[in-house]
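In structure tokens below, several structures.
The following pair of complexes shares a single chain, chain A, combined with chain B in the former and chain C in the latter.
Coming up: the complex of A and B.
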């Protein structure tokens, strides 16, 4: 099933080995600009046309960007009574769980569909997909509250404390 | 399985998975679209990515949660870049403050629109349009009104008491996590604290100070440390130049479990060989059933999770505490040309 998922056989899948905090250098979103005056517009009106699609966070790096027959080959099954989900991917059993976006927040996928003609032009990204929950998958361990992506969702609340207005 | 694989270099991504505050994507309230802009990061002094809403009324911060070896399935597509971006509301005063401090050296009252100017980041003047900006200047500056004009002069005293309030709010938010867990209410997602007694006030303060320090200069962070009356911690790493503060990559890292059977030399390289005494003692702990992440940050098994548990003083220097939250980072553009 794997070769269908990623179109060309040269597309490789690397599973992660262990969970460590990645303290690599900061990376920008999509600025390839020599000056700081350019901006990226988010075309909010495209939200209306955006599709609600299943979103999966995979515990591996897949060296591919673009279409794949995900729904045809990636069948998650939910165990009775529990929220835990399982799926087979490349011969490995993944354990997954649904994760809701924090209250007051929406999941979106932004895509730059029109490439700018030059470095000097402002750029535009569209909202191509919307989601209010996603499924994250662990390679071996059962999903649990210690999973980093679960804790990452705490950021919204902490951020509100750091940035909310202070009283006099 | 084929022999050792090499990862192909990450190509520029044109698609991003984002969790955004609802107002960002609310089409009804917008006259025009929100925009990503680059502004000077008060902590690093370099450019970072922020977002301004329609009419510049609200500032947002853009941070990335990143774990290695992750990718997305979005509908019927694969997205190699496994980062998850967060767009959350930000207090514009953090970004205005460095300009006030700079002009404050002259000791004169000045109109703020003549102060918040930056040739390198011209968008910074838009910060003054944010609803909260002008009203909140009094937290960090003395005000004088002459006619209809207002003039401001930076006040460190006011700034420190403002920042102290920020720290207190953050402490409260950190504690709230524990309380909700202790009472066994709220979302089951947040059941994580097993013992809540072993966190004293100082630990909370230190942790919150670390979080706030992400938004202020190093000098101000040190002044705030003093203002909070946090005991000084001597660490050789404290003398590192600021640029090195931002990385923890040299920190010894040991795999919680041996997954190398899945893999090749690529991964073996990544685990550092040198271990501190604390790390060595950690390595001896029985790791069965233990989470690698929590073992990395907390020495005792079964202790509180790192998110709510500040690291023990002896193990980590206070200026690195912000990075205890490893996965949500400023979306910075200082390394253009890598993915950009």
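Coming up: the complex of A and C.
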């Protein structure tokens, strides 16, 4: 998972951030993507079918792309007491917190279902699920405002100030 | 049996179970024995036990025919545990159940907390518990796995005024330690036998064997219940090499940011910075990404934000 964020001020579809009526822009969490192409289309129609799913930002890299028994192992053993969430992953203690997507943003999970045949071809990605909050986990340390992913959310506000329309 | 209930309620944490303190233990000089059960197994909790009684009644404890728990059958241990309960007017006990999850979390902590340190701290905590309850402790007997002298010194310093005896195989030498070992073993067996899985795994085969890595039944169970991503349910001690080896070979690889902090620190440092000496002599080498006009502002690098123009 990556915590990369972009912001698009206009209505046009530029690469993968764009505006549609309900969603101003996207936080993209993407997987199985390659680079070197010119145009990437996001299948807007797939948003409607997309499921709302719990999303976890893990403090480790898991060499696995695909389904996992998240609810059986992870959700079932997660403890949520007084705003403090704890769980273990592979025997290590994690401490987590829920993090909402910035105002006006919706998180999407994109998946490229058909791989392009060459570098020149346009690419199409589908929205497989959407989320408006995620749970981010630290290895042992208590979640705090200095955590990178929390600070990353500052960007949307700053971006708005830089790129937003200037009022008289 | 009801004594294990608090642990059943949440078997992911460490939990203390205790008997009532006999009144006589608050007025008469007492001896106390410490032993552990389930240190070696890859499955289930490790249980620390203390047992105490007035020094004047040590002999009566002998008459109960307590012996090293390892020489007894499960049924014999349970019968002796019942007998000790009948002797509750002068015998008290307390247990600390260290869940396999607690053991994994501790041993795999960023700043490693090894099993010996965890064991010592647990034993110390139990002795302190007895003192806090007003037990008049004068003698403490401890069974040990590591070097006895050092541990004895450590305990003597922490508990001045108490005669501390640390011995390997103390559970067969001192009845009060045998009694502690029985309490610990009964609790450990109970916890494993009645393990309630926090995971949502449906019907789980409870034929784990002894829990020792060398037991073929335990091995077969570990092979059968390996999840490629999550590894194991919390019954398993992830810090045991048996579990780690199986996850390494049959599970997916997981990288943590402190992976390199282990023994091979030097090698890892080399890998991260494996530039040839010669590279420092070429003009273009420089600091790489840090130089040039494309330098990212600290606002972005601090947040690990990158501009995306492709996926």
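Rule of thumb we're sticking to: the second predicted complex is superposed on the first by the 123 of 168 C-alpha atoms of A that agree within 3 Å, B and C clash if a C-alpha of one lies under 4 Å from a C-alpha of the other, contacts with A are read in each partner's own complex, and residues count from 1 in each chain.
What we mean here is this: contacts are C-beta pairs under 8 Å (C-beta built on N, C-alpha and C of every residue); 3 or more make two chains touch, one makes a residue touch a chain.
Treat the numbers as computed from the prediction; the structure is a model and nothing was measured.
Asks: So, does A:40 touch the first partner chain B, the second partner chain C, both, or neither?
Replies: both
Asks: Applying the touch criterion given at the start, work out whether A:77 contacts chain B, chain C, both or neither, answering first, second, both or neither.
Replies: In the superposition, A:77 contacts chain C only.
Asks: May I ask you to decide whether A:148 touches chain B, chain C, both, or neither, giving the answer as first, second, both or neither?
Replies: both
Asks: Output check: A:101 vs chain B and chain C. Expected answer is one of first, second, both, neither. What do you get?
Replies: After superposing on A, A:101 lies in contact with chain B but is clear of chain C.
Asks: Just to be sure I read the superposition right, which of the two partners does A:62 touch: chain B = first, chain C = second, or both, or neither?
Replies: The answer is both, since A:62 touches chain B and chain C.
Asks: Under the stated touch criterion, name the partner, chain B or chain C, that contacts more residues in chain A.
Replies: For chain A, the partner with the higher number of touched residues is B.
Asks: Pick one for A:159: touches chain B only (first), chain C only (second), both, or neither.
Replies: In the superposition, A:159 contacts chain B only.
Asks: For A:85, select first, second, both or neither according to whether it touches chain B, chain C, the two together, or no partner.
Replies: It touches nothing on chain B or chain C.
Asks: If you stack the two complexes on chain A, which partner ends up touching A:128: first (chain B), second (chain C), both, or neither?
Replies: The answer is first: A:128 touches chain B but not chain C.
Asks: Taking the two structures together, which residues of chain A meet both chain B and chain C?
Replies: On chain A, the residues that contact chain B in one structure and chain C in the other are 5-6, 15-16, 28, 30, 33, 36-37, 40, 59-64, 68-69, 71, 74, 110, 112, 125, 139, 148, 151-152, 154-155, 158.
Asks: Using the touch rule from the top, collect the residues of chain C that touch chain A in their complex.
Replies: Per the stated touch rule, the residues are 12, 101, 104-105, 107-110, 198-201, 227-231, 233-234, 237-239, 243, 247, 252-258, 299, 302-311.
Asks: Using the touch definition up top, name the residues of chain A that touch chain C in the complex.
Replies: Touch residues, chain A against chain C: 2-6, 15-16, 28, 30, 33-37, 40, 59-64, 68-69, 71-74, 76-77, 79, 88-93, 110, 112, 123, 125, 139-140, 148, 151-152, 154-155, 158.
Asks: Inside the complex, what are the residues of chain B that reach chain A?
Replies: 5, 7-8, 11-22, 24-27, 30, 33-38, 47-49, 51, 61-82, 84-86, 88-91, 94, 120-123, 132, 136, 139, 162, 165-166, 169-170, 172-174, 177, 188-192, 211-212, 215, 246-249, 251, 253, 255-257, 259-260, 262-263, 266-267, 270-271, 291-294, 296, 305, 307, 323, 325-340
Asks: Hey, which residues of chain A end up touching chain B in the complex?
Replies: Against chain B, chain A makes touches at 5-6, 12, 14-33, 36-37, 39-45, 47-48, 51, 53-71, 74, 101-102, 104-113, 115, 125, 127-129, 139, 144-146, 148-167.
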